[in-house]
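Each of the next two complexes has subunit A plus one more chain, namely subunit B in the first and subunit C in the second.
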Partner chain A sequence: MSSVLYIVGGVLVLHAAYSSMEFHLLAKSMHQECTFTTVPSDIIHETVYGLVLIILGAIRSVRNEVAYTVEGSESSEGALKGININVAVKQDHEYLRPIEMKRAVAVSERIGLNDYAEFESRVDFVDLVEKRKEFNQWSEAQ
Partner chain B sequence: MKETIYYNGSIQSNKQKLGRVRDISSLALGVGCGILALESLVGFGFYIVGTTLTNLLFIWICCGSEPSKFFVSPKRELLLEGVVENVPGFVMMWCLVYAIVS
Partner chain C sequence: MSSVSALKNKLVLVARSGTYVNFAPSQVQKYHHETERFLMNSSDELDAVELFDVYEMQFHLALITSHDVEAKAILDRLVDQFGSSENSQRIRLLQSKYLEVMGEPEQALKVLGNDPDELRLSRRLTTNSRKSGNAEEYIANLNFYLDLQPSDLITWAELGDEYAKVGHYDKAVFSLQEILLQEPFAYPVFYKVGLYNYYRFLQEEQALKTERKDKLWELVEILQDARNNYLRSVEICDVYIKSWIGIYLISSHKFNDKLRKLNSVKEVAKFLEQNDKLKTLSEKKIRELDQEAWAQIKQ
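Up next, the complex of A and B:
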């Protein structure tokens, strides 16, 4: 959606720029007889519409993306029945994130993230022996 | 009075988004100003009107007319800050397009 707005707005602005250039060339070639002070109104209109579209595109481009839960849960429907899948979690607001602690944390709790995930899952502190044991058990069970 | 606790991650991400919209709009306004071949104060007036409209659009569309939910000091952050910081980018595009067009 935002890229469509960018493209249409960009085309309008480019066309307006070219028209404006032609207009100035014409005005220069007419020297004294010409007393234009501003560009014609159709160029002004085109520029303004183009700018509005580009700015709307910029605003559309900051939308929140859908996040997926870390742990996942078992699906109960159709072909995916019984398989662990990650569930999509939508932000409460379409564009921005609420800054109040209790609201902001609600979404990350649903995703299963916390501020210290980075520290808790540091590679240096992962118990490799334990993980290997788990993996071996799992692969034998397959 | 109970003090509200804020979540830093959200504040940062909202600021980033606002900055992105501001960057794009100020460059676009510069291009528009150049195309219309505006000069001196009229150009800066165009910039001020343009950014104010952009900010109002941002408040209306992105904040759902409730900016205090997303910004710690909404009036200052949304309407005043960043207007001056983006002037150099605006002037750059203005000069460039003006020189090409006329």
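Up next, the complex of A and C:
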């Protein structure tokens, strides 16, 4: 949605700029007879509308989106039984994250992943042979 | 936002945090399938950096789930994309991991090389001593590496956990505090410092043979440290349920009853009074968070 606003706003501003250039060329060629000194109001309106659309697009682009939790959940109903379902988490604020850290990190916790997860995961130190063994044991038990 | 976009964000987030290596086997399988499907159908949604982060995750998941052909195909694709592996620590690390899992440890070591300036490869090199099952040797290697790279926080975290595994909780706490010097808002690390202090308290309480005041006071100090770290953790993130549980355990521990004998000491009386308040507060908070978690699942 924000990209549509950016495109339409951009086209309007560019069109207004081109119209303004045409107007000035015309004004120059008729320099003696020319009685108007300012840009016509329709060009000014077009510029304002274009800029408003670009600003709306920028505001919309920082909108908080729905995020999926890391863990998800398992369906227990009908044909979908046992199938994993992604669980969506809604943000408390429509735009941007809260300034207070306590509230900002609450969303990460609901998703199930915080900014310090790498201290826990430590991919460079992982014992893949052990993990693989563990997985195979689980797989055989299924 | 479309579900594809939400799924993309989730996979990229998980891939970058590296948290997939700590998943339970069922979750590993789930993520392996999900990522495979996503890469097959929607990889256009990812930019180049995101794509290779997700490929790296899928490489690890394929190795864990014994999809060796798939892991090799991803590795080959990465080598094709980025050319000679000599220039990239990241690719050499993946090659070394692949060889290690395929049962060629000597080749895996050879790929890592011996250059101390190659941080990630040097980290991996320290894990070689872990195979013998000798924790002390592994700890010595980590310490040696940290002498060369003292600001490597990931390695301090690894060292902290290794010390905790062998019961040296005081040294584990010291290692984790090194992280907090550089990351003063890392609330999961505060939680861990609290947890290891609590384990240290349990260890020393078990070994306690007398009920002398000075010995009891030493234990109070350890418990106080544990409680303060848990409290710092919930001060930064008040929905971090693990820390609330830690606070509840400390405030309702039977050791508090033993301490009532020392109630005449001002500091002990204050400690007990704070514990009584925290017990009610933590109980309430745990119930609240539990209800919220259920409500989220039901949605």
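The working rule: the second predicted complex is superposed on the first by the 130 of 142 C-alpha atoms of A that agree within 3 Å, B and C clash if a C-alpha of one lies under 4 Å from a C-alpha of the other, contacts with A are read in each partner's own complex, and residues count from 1 in each chain.
Everything below uses one rule, namely that a contact is a pair of C-beta atoms (placed from the backbone, for glycine too) under 8 Å apart; a residue touches a chain by one contact, two chains touch by 3 or more.
The structure presented is a predicted model; accordingly, all values stated were derived computationally and were not measured.
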Inset, instruction - Have a look at subunit B and subunit C on subunit A after the superposition and call it: clash or fit. - result: fit
Legend entry - Touching partner for A:V105 - first (subunit B), second (subunit C), both, neither: both
Inset, instruction - Quick one: the Cα-centre angle at subunit A between subunit B and subunit C, nearest 10 degrees, please. - result: 110
Legend entry - Touched partner set for A:V62, first subunit B, second subunit C, both or neither: first
Inset, instruction - Have a look at where A:I54 lands relative to subunit B and subunit C in the superposition and call it first, second, both or neither. - result: first
Inset, instruction - Pick one for A:W138: touches subunit B only (first), subunit C only (second), both, or neither. - result: second
Inset, instruction - Classify the contacts of A:L12 with the two partner chains as first (subunit B alone), second (subunit C alone), both, or neither. - result: neither
Legend entry - Minimum C-alpha separation between subunit B and subunit C after superposing on chain A, in Å: 6
Legend entry - subunit B/subunit C common contact set on subunit A: 101-102, 105
Legend entry - Touching residues (chain side subunit A, partner subunit C) in the complex: 65-73, 84, 86-89, 101-102, 105-106, 109-111, 113-114, 116-129, 131-132, 134-136, 138-139
Legend entry - Of all residues in subunit A, those that touch subunit B in their complex: 9, 13, 16-17, 20-21, 24, 38-39, 43-44, 47-48, 50-51, 54-59, 61-62, 93-102, 104-105, 115
Legend entry - Of all residues in subunit C, those that touch subunit A in their complex: 1, 3, 5-7, 9-10, 13-14, 17-22, 25-30, 34, 60, 63-66, 93, 97, 100-101, 120, 123-124, 126-127, 130, 153-155, 157-158, 179, 183, 185-189, 235-240, 296-297, 299
Legend entry - Complex contact set, residues of subunit B against subunit A: 4-7, 9-11, 13-14, 17, 20-21, 24-25, 28-29, 31-32, 34-37, 50, 54, 57-58, 61-64, 69-72, 97, 100-102
